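Take a look at the structures below.
Below, subunit A partners subunit B and then partners subunit C, in two separate complexes.
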Partner chain A sequence: MREQQLRLADDRTARVAGREMRVEAVSKKFGQAVAVDDVTLGISAGEFVSLLGPSGSGKSTLLMIIAGFEQPDSGELFLGGERLTDIPPHRRNFGHVFQKYALFPHMTAAENIAFPLKMRGIEKAKRGPMVANALERMRLSALGERLPHQLSGGQQQRVALARAIVFQPALLLMDEPLGALDKKLREEMQIEIKQIQRELGITVVFVTHDQDEALSLSDRVAVINQGGLSQFATPRELYDRPSSRFVADFVGDNNFFPGQLIATAGRKGQVKLDGGKVLAGQLPEGKSIALGAKVEIAVRPEAVSLNSKPDSRVSGTLIDVQFTGGTTTRIVRHASGAIYLSRALSAGSHAAQGDAVSLQWDETSAFIYPADGRA
Partner chain B sequence: MTAASIVSSGRPLRLALGNRRALVALLLLAPALVLYVALYFVPLFDFLSLSVVDGGLSTAHFSTLLDMTYLSVLWRTLWMSALVGAICTALGFPVAYLMSRSSAIGAAAIGACVMVPLWTSVLLRTYAWTVVLQYRGVLNDLLLTLGLIDQPLRFMYSKGAVITVMVHVLLPYVVLPLYTNLASIPRELPTAARGLGATGLRIFIHVTLPLCLPGVIAGFTLVFVLSTGFFVVPSLVGGPASMMVATLIGREISENLNWAQGAAMSVVLLATATVCLAMLSRLRHMDKRQGSAA
Partner chain C sequence: MKVSRLVQCIAWAVLAFLVLPSLLIAFMSFGTDPYLRFPPRGFTFDWYRLYFSDADWQSATLFSLKIAIVAAVIAAAISLSTAFGLERVSNPRLKESLRLVLLSPTVVPGIVSALAFYKLFSAVGLTGTFLGFVVAHTILATPFAYLCISSQLHAYDRTLETAARGLGATRLQTFIHVTLPLLSPSIVIGAIFSFLVSFDEAVVSFFISDTQGKTLPRKMFEDIDFSVSPVLAAVATTITVGTILLLAVITILQNRMKRIPSQQKE
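Entry: the complex of A and B
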């Protein structure tokens, strides 16, 4: 029985989920405000992709365009080469999980899950086992006859997820689905979502403003800023090689040192800091910055170590030492008032609060970005 | 007073507190209650009690009702009221739906259009309708001019005329509860249904309609109950064949001066309406699932 179902799932996966989703040059305005700005994304079959960005950056609008609830002003959508742009949402065969779950309050959990099957004309006798299977997978078997308001937030969330996957959708779209849950439940659900995605081999587009969530769940993350795509990369790449000032700032912590680009040699650049010191760093790939342009050097706190003897490098006063479980973060205030972070696994430097310290790092972990560049 | 608070400790204090709350509630209610009892219940009871007095206590006024046209008029009142309720619901639904889908300004504008007729007296509006419906009236003029008829038609003094005018007068009473209900349905529910594969009609049948059933029943009930007691409209635009109970009661009292008989008719009308109301209210609460709809 179970094998049969799995085989069925496999067949379906091969047929519908084994297709690439392409978003090509999609733009959308609301009045004068640009919500989505020329976004191009290729999402592979079976891939877990997050749309990550600050609130109001256009993530939901992009997701609604993929779902078909919003029409793009320009651009096209393709699913496995088939043009999707004009296909209405109810014929796209996508599953959705909304932040507020959107369960039908007058239907039981089981009826909610059966709804998409009913809409697809699947007869009652076949719906029963499919619903039971979905309930079991989400550990909801005992709760099938409950109404949504008789379920906890986490249970409602699982019903919403079961409803979204029971019909083997070609794509599963989720808009901040865990936003309403508390931290512990959220982490449980993250594991559960990831597990289901792997088992079903389903393609997922997941909207979140929580970078930890995006980094831990995704195969690739699309960072969205002011409607535009800043970077589309694996979590590792995103963290290690942010392509812009924005991504370097938005994903993880970073120290920024403003200055002016004074020399370049291949991928290496020399920056004269506002204080007059000259530091070296890596120039971004595929983009050239004019000499003399305003730039910023970004260095991750993990790459920064503290030296108790002030020297020619950037220096300041150690104002606080924060122990946060696995790591220790040291906070340094520069004479200009700027705050810098240094993070180490062990206790690290022996400098004490109030000491004058200088910051040091390997120049391969310093990245040069044009100042204020959006992309 | 809830069971929990009685069981819990500090019982006397809580009871005292409960009593005080009840007292405050009673005091706040008192003015309205006094008005209601003095101006409504006492006269009503006074009037209705006439029905059982005929020299001594008697059921004579009720038994005569069985021989009279009363029962057929009562039956007509009920089905015509139900029909008016149904038509109002059918006509009011699209208006309420449009309102719930409009922007705040749009909804306010439609709402104002729905409400404005309520500011004109029913009498005036009914007279306006007689101008429209009479033999040499606006409607016949129009149909003659358009060449749709050769001879003026008799619209007045028919059931059709009574129902038309009552629908016009009572329409706002169904639009408002329906709008409130429809507006409380979260927007993401129809969206979710669409995403799950439902087309417009099926979204309506499976999601919107079940969720606004309480509003439909509330609107229908209001119109139905108001209709059963309608006096002005059936009296002015209706004839003998479309007479409703209120007109019959009025005639019994003002023409035959038979107050006791009129009171007996009123008692039966009140009882019948109450039974209908109870049935409708049961229908509304039957589906316990509606509990969380809003």
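Entry: the complex of A and C
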């Protein structure tokens, strides 16, 4: 079901500084509320993994459990094969970048970066060059003596990152680290983070609610919903083969057509739409849906093209054409009031606003999901 | 903003009203007459010399200083731990009740606490003792220290402690390197206020003093009864100057608190 196969450290292990991390069947409740529900994740050494989910999905709690600030009610954590569950946070040797950086306001940038070294009992003479090195890597050499409040948001962010990696942590944990930055700065930092992660070969667990961020940075993305792991896959798989209605909806745009499953043949299914039309689509892997069950067909906007002559397929009125540079999105309103999207490279259809159009797509790009299924 | 002339006049008048008595006392402390007189005649430092050389005045002053320092340290320590403790109380009613109990010495009339301390201390033999004064003054001063510390703790970003722990600091290291330095301005301010409350305290001290152990305010009271020597004015002026210096320290610390925000920018 939702459990993912553990992916053990691959041949990269030998070359990288980061360690492999396993989260096994971890659950956590706060009172009656389930924050993390039986999550199993295998993160390879040197891998960049994002925990992606809406706010309140439990992704931050999961991060806090990995960090050791929260104890799981059940389940275990392993780092490179060693049991980690009972080890207190300060002895896990993880780097942390917090949401609002959490720089110590009474220490200079250099002192902030030296802090984890000092706590590890590294003598002053050795700390100096390590801090200078970290400052240089983050292009902060001239700012080492400034206090955090004398630095811009982007600079504070870089100090926080330098502080988190200066002691060569086994794992780098980042909790929405870019949330407070504006768009341009955020994109710059994304590139910077990715570069450092590659150079150091560090294992990263990155929490975000921003799917673009997750898709562009990560080797794999764990989609978390209502405390559970919905899907753990590469960004490509996540987008092309979402395993559930939730993932299909949460990651990227999607059109959903509600109906009832009336026939199956292998991986193919026939769905009778609420309007009476029958459409074909792909059934999800490893899941069986009972005949007669309520389902939805999901089709990505870029798989949908518009036909100016209404025919037997789903049809509606073209209500808006949005040109967004590389692509054009056409918005169609169905008689039921539902809104559908069709996205194409700028040429696209010739239909004009107000025209009656029908939607068409290849049935291999239509996916059938049980309606309202959480996972 | 423009302030009308009338408002300005009123403001200066109020200020003069507040400061004038202290200024008059200061003037009188330099007069040559052997009794308090206004306007003073002549100019002398004799009364200060007398104050700083007289054994009785010295012992009362040192007694008061020792009490105030110890009471301030204890009050600040109690307030720091209480402020942390109350932060963690999740039940809002319980939290508010505990706060009120802690702050209650400020609303109980001085004479009431004085009587209570007197009855209690004479029963257990604490009147006139260093310990007795320390206990009483600590109780009276703690609310002030608590208010200082808790208000800064309220604005203080606890995720800094989480960050320190995550970066490898033990709980003790976190407290020493992060919590304490960040809260130190309010801890010092709280301690100074407590010191002033204790040093200044007259009503309770009056009741729990005896012939051996008496604080400076009590000694001043007694002297007014016997004589109205300008040495009293000299003592009062010395206290005023000391207080002004401590208030200057407080102002400097408050500015530092503003300059280094204990919370991150939003």
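A few comments on the model shown:
Simple rule for what comes next: the second predicted complex is superposed on the first by the 357 of 375 C-alpha atoms of A that agree within 3 Å, B and C clash if a C-alpha of one lies under 4 Å from a C-alpha of the other, contacts with A are read in each partner's own complex, and residues count from 1 in each chain.
Rule of thumb we're sticking to: a residue touches a chain if its C-beta (ideal position, glycine included) is under 8 Å from a C-beta of that chain, and two chains touch if they have at least 3 such contacts.
Just so you know, these numbers come straight off a predicted model, no measurement behind them.
Taken together in the superposed arrangement on subunit A, subunit B and subunit C clash. Between subunit B and subunit C, C touches the greater number of residues of subunit A. Of the two partner chains placed by the overlay, subunit B and subunit C both lie in contact with A:H106.
Once the two complexes are laid over each other on the shared chain, residue contacts for A:P129 go to neither subunit B nor subunit C.
In the superposition on chain A, A:G292 makes contact with neither subunit B nor subunit C. By the touch criterion defined above, A:G275 lies against neither subunit B nor subunit C after alignment on the C-alpha atoms of chain A. By the touch criterion defined above, A:G153 reaches subunit C but does not reach subunit B. Using the contact criterion defined above for the overlaid structures, shared-chain residue A:G56 touches neither subunit B nor subunit C, since it reaches no partner. Overlaid on A, the two complexes show subunit B and subunit C touching the same residues of subunit A, namely 67, 69, 88-91, 93-96, 98, 100, 102, 104-106, 115-116, 119-120, 147-149, 163, 167.
On the subunit A side of its complex with subunit B, the touching residues are 67, 69, 88-91, 93-96, 98, 100, 102, 104-107, 115-116, 119-120, 147-149, 163, 167. Per the touch definition, subunit C reaches subunit A in the complex via residues 157, 159-160, 162-170, 173, 177-178, 181-182, 260-266. Per the touch definition, subunit B reaches subunit A in the complex via residues 186, 188-189, 191-199, 202, 206-207, 210-211, 287, 289-293. Those residues of subunit A whose C-beta lies close enough to touch subunit C in the complex are 67, 69, 88-91, 93-96, 98-106, 115-116, 118-120, 147-149, 153, 156, 163-164, 167, 173, 180.
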